[in-house]
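Next come the structures, one after another.
Across the two complexes that follow, subunit A remains constant while its partner is subunit B and subsequently subunit C.
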Partner chain A sequence: MTESLPPIYNFPPLYTCQPNVLIREQQLTTWCDLLLEFSKKNKAWCVNQEGSIVRDLETGDNSIFKNQTIQRTAPAPFVDQIWSRMVETQKAVKLDNGQYLMLWRSLEQWSSVFLQWFETAGKLNQVVTLYELLEGDESLEWEFHEMHHKLCELCLQKLRDRGRATLLKEQNRIVGVKVL
Partner chain B sequence: MHLRQWHFVETTSSGQPVLRENEKDIYVEHQVGCYQGKSKILGRQKGRIYLTSQRIIYIDDEKPLMNSISLELDDVLQADYSSKFLRKSARLSIFLRDSKTDDLDNNSVGTKISEGKSTWICPICGHQNETPGHLTKENMHSFPCASCGIVPDFEMIADVISFHNVTSSSESDKTAQIECPACTFLNRPSLRNCEICGTRLPSKHSGTSSDISIDQRVKISLETKDGLVKGEPIYIQLSFRLSDGILLSQTISELIEDRRRVKSQNVYNKGVQPREKNLLEIKSELGRAGIASLEKSQEDRLISNDIMLGNALSDLDSLMALASDIEKLYDTTGRSQFKKNIPLLTIDREKFLTKDLFINEISRELHSFILSEFQEQKEAEGVILISLVDTYALYNKAMRIGSGLVSPQELWEACKKLEELGLSDLQLTTINERVLCISSGDSFGFLKRKIWDIVTTSPGADLLELSRQLNKDNANSWTPGIIMEALNNCVKGGQLLIDEQITGVHYYANFDWRI
Partner chain C sequence: MRHGLAAFDPDGSKRFEATATVLNRQNRELDEQLRVFQSRLVAFAKDHNSELKGNADFRMKFIKMCTSIGIDPIFLFDKERHLFDVNDFFYEICVKVIEICRKTKDLNGGVISFDELHKGYFELYKVDMNDLQKAVEMLDTLAGGFQTFTIKNKKYLRSVPNELTNDQTEILQVCSILGYASIPLLKLNLDWKPVRSDAVLKEMVAKGILWVDNQARGEILYWDPAWIVRSNLD
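== the complex of A and B ==
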């Protein structure tokens, strides 16, 4: 899973919090880039605090913060610093259960991708369920296929804020959307 | 023209005299000028006088390597002190022995054998015999062969007897080599002190050849005429610009007296102890009359008996001490331990009038100590860098045994003085704004460059590996403490990255994250 990452991933000092402040800033930036690269390559919509990918119900064993090749592990306080940097720079969103949604595209970018799909698929002014949108055959070719529900909701909320979409709710969960 | 008695002195680069074997320093006097006769000697008006057990050494403050001169204590006849008067500073006139009186002394000491020697080969056993005097038929019977003990027939050996004059041959030997009066080692004639034990050699120069003995390395130019007349006693003067110089003059007089006594010891009163000067003098006043005078004389007698007994007891004590000394000597030689006797300046703080002068001397000593201790590193790498803590430990361990230790404060002050004394090839620097070091030139930068080279060629090196690679050629020139400081400095500067593991901190060169 981590094989395709850039070579700096195998650089031992990456796993130690550097004492020099200026260097540390760049180190954190490097980590953020690595995390996004990692999640994009693996379609990891959601990653937990330990750096493992979370899919529907199961949690993977491999953590990005553990490098088996060079036997290095980033210490927990340093991992906290990385995550707070991710959230600060809006490259991740923290969920209530402590997991993180990875944003290798920003929410605005995703919402415009959705809009594009609605237009090309001719689904404007129709009610489309979230299942249809994320799991349906019509979105197979699209990047957002099998997207995390929560992330999708966030993107659709952005559309609603722009006045382009109406959300259908059932028991406080968004189940459908109608794009104008 | 300068006097025969001036000699050249070898000095260290830090301006301290190089002492001979067995030579010990006794006292140091600062701010002294030199005169020959009545005239100032140019270029020798501000310096230090080192009084040692063999010499009076003048070290110039400005050009210690060029202008330093010395006098042998053996050449000194007498020292007269004159105190400060109006603008004239305190002076010590040192009267020197003339070369002719010197020769007289030597002649009386050296015993010459005027007899010849005969050599002959024993016809029985073939042993080569040596017999004093001429061998004739008459006295032949008293010289049997040393090997077989048989007196040979004179006719049989008459052909092989050869006679040669010992005095003539030894005379020619002696012009080539000079025998040391203390250890009998044959020294080269150009030497003035024995090569083995450092004892002053008897000079063999007669009056005519005294010009040759003038040390060509000494160049003295006078301000005016020295006013020395041939036949009159020769003298030089030392002028004390700072102190009154009483201590130095007293010490010199005592030394001269001491040396005279030691010399005469070989001739008479062998092994006597010098008498205490403040011995109670008893005068019997005969002015009184009657019973009072009798009582008084009785008392005096009791006192004198007391003193005599006391003296006898102290003599006994010294005898016992001698015996135990011999016992000790026997013990140590039994274990055959050879201790090298390296002449060292032992700087005693009591010898200095002010703390300032003491610190100056420590500073000089420190300079030469560091340069000699880290000579190898200096030659190999061109730079020296030692932390002050290491210096303190090394210096106190190596130099100060026997004469008290220097405090960290004193050492620090001494290091600060280095520049002031013109010993600027070493200086006190602060690295990482907290660690004091003695360094030469940009040694810290040099070390950092070396570390960078090592880290780029072998990434992930730790402190152990780094110090091993840095000290590849010569052991222990870069201490781990210094390397650690340099590493910290590099990490702080962003050139190096760290990788902290349980096994230790590993260092990597920073190529990816530029500041």
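== the complex of A and C ==
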């Protein structure tokens, strides 16, 4: 899962919080890039604090912060720093359960992709369920297929804020959407 | 398969598909035209070489235009045919070298090997090692900003304006073997006292030349970032 990451991933000192401030900045940026690339390549919408991919209710064993090849592990306080940098730079959103939604595209970019789909699939001005949007055959070829529901909700809220969408809610969850 | 009400509306999707194919075709045609235009421009540069050489203003404008439609100036030069002024070719390399040095400065403390420059960047532009070295020599005129030095027959370029001391150079030499140095390693190889090694290593960390790794068994390792590229080449 981490095989295709750039060579810096196997650079041992990457796993030690660097004392030199300038280098540490560079180091944090590198970690953020690695996390995004890791999640994009594995299509991991959700990653937990420990750096493992979360799919449905299962959590993987492999953590990006543990590198078996070179026997190095990023220590927990440093991992905290990395995550807060991710959230600060809007590359991740922290969920209530402590897991993170990975934004290898920004919310704005994703909502534009959704708009594109509604236009190309001829779904404007009709109610589409979230299930149809994310799991249906018509979005099979699209990058957002099987996207995490929460992430999708955030994107649709962006569209609503721009006045492009009406959201259908049921027990506080978004279940459907109509794009104008 | 289509679900819900959409299933009753097959014509709509066909219309959209038709539009999509038209757009795709237009896209391809534009790409093609751009490519043709780019190759024509290069041909133009070859035909009007002498004018371009003679008229600096014309040359500047021409290069600017090429850059704006996505031709990297380096591709415009043809050494064999003395396209443009040959020096311009080297100036372009100089600019790239400076760009790369600035971009990687925080990562490597301003010390980069020629191998890394060449393998990582210039091979792409079909610039060979000799051209690269000649261009770097031209950087000397910038008086002190850039300096080359050799460690174990490998050439390095230093882009931050502070001299490496002898001790620091020796440590980089040790790093060029395994990627790292440590107090025991320096004792073994150079017979340095721990106090001396410690002081020089810490200073190099403070300058951003070395990275600390405290997860090795029993000793702290100090790594040279040049290792990132080197370990990947093997």
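Following the convention adopted for this analysis, the second predicted complex is superposed on the first by the 180 of 180 C-alpha atoms of A that agree within 3 Å, B and C clash if a C-alpha of one lies under 4 Å from a C-alpha of the other, contacts with A are read in each partner's own complex, and residues count from 1 in each chain.
One rule holds in what follows: a contact is a pair of C-beta atoms (placed from the backbone, for glycine too) under 8 Å apart; a residue touches a chain by one contact, two chains touch by 3 or more.
Quick caveat: nothing in here was measured; it's all calculated off a predicted structure.
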Joint occupancy of subunit A by subunit B and subunit C, clash or fit: clash
Partner chain(s) touched by A:T59 [first = subunit B, second = subunit C, both, neither]: neither
Which partner, subunit B or subunit C, touches more subunit A residues: C
First (subunit B), second (subunit C), both or neither touched by A:P13: both
Partner chain(s) touched by A:T89 [first = subunit B, second = subunit C, both, neither]: neither
A:D137 touches, of subunit B and subunit C: first, second, both or neither? second
Partner chain in contact with A:Q126 - subunit B first, subunit C second, else both or neither: second
Touching partner for A:Q68 - first (subunit B), second (subunit C), both, neither: neither
Partner chain(s) touched by A:N97 [first = subunit B, second = subunit C, both, neither]: neither
Which superposed partner A:Q26 touches (first subunit B, second subunit C, both, neither): both
Residues on subunit A lying within both footprints (that of subunit B and that of subunit C): 8, 11-13, 15-16, 18-20, 22-23, 26, 72
Subunit A-touching residues of subunit C, taken from the complex the two chains share: 1-6, 9, 12-13, 15-16, 20, 106-107, 109, 180, 205-208, 211-216, 221, 223, 225, 227-229, 231-232
Contact footprint of subunit B on subunit A as seen in their complex: 8, 11-13, 15-16, 18-20, 22-23, 26-27, 30, 72
Touching residues on subunit B, where the partner in the complex is subunit A: 460, 491-494, 497-500, 506, 508, 510, 512-515
Residues of subunit A touching subunit C in the complex: 7-8, 10-16, 18-20, 22-23, 25-26, 71-73, 120-123, 126, 128-129, 132, 136-138
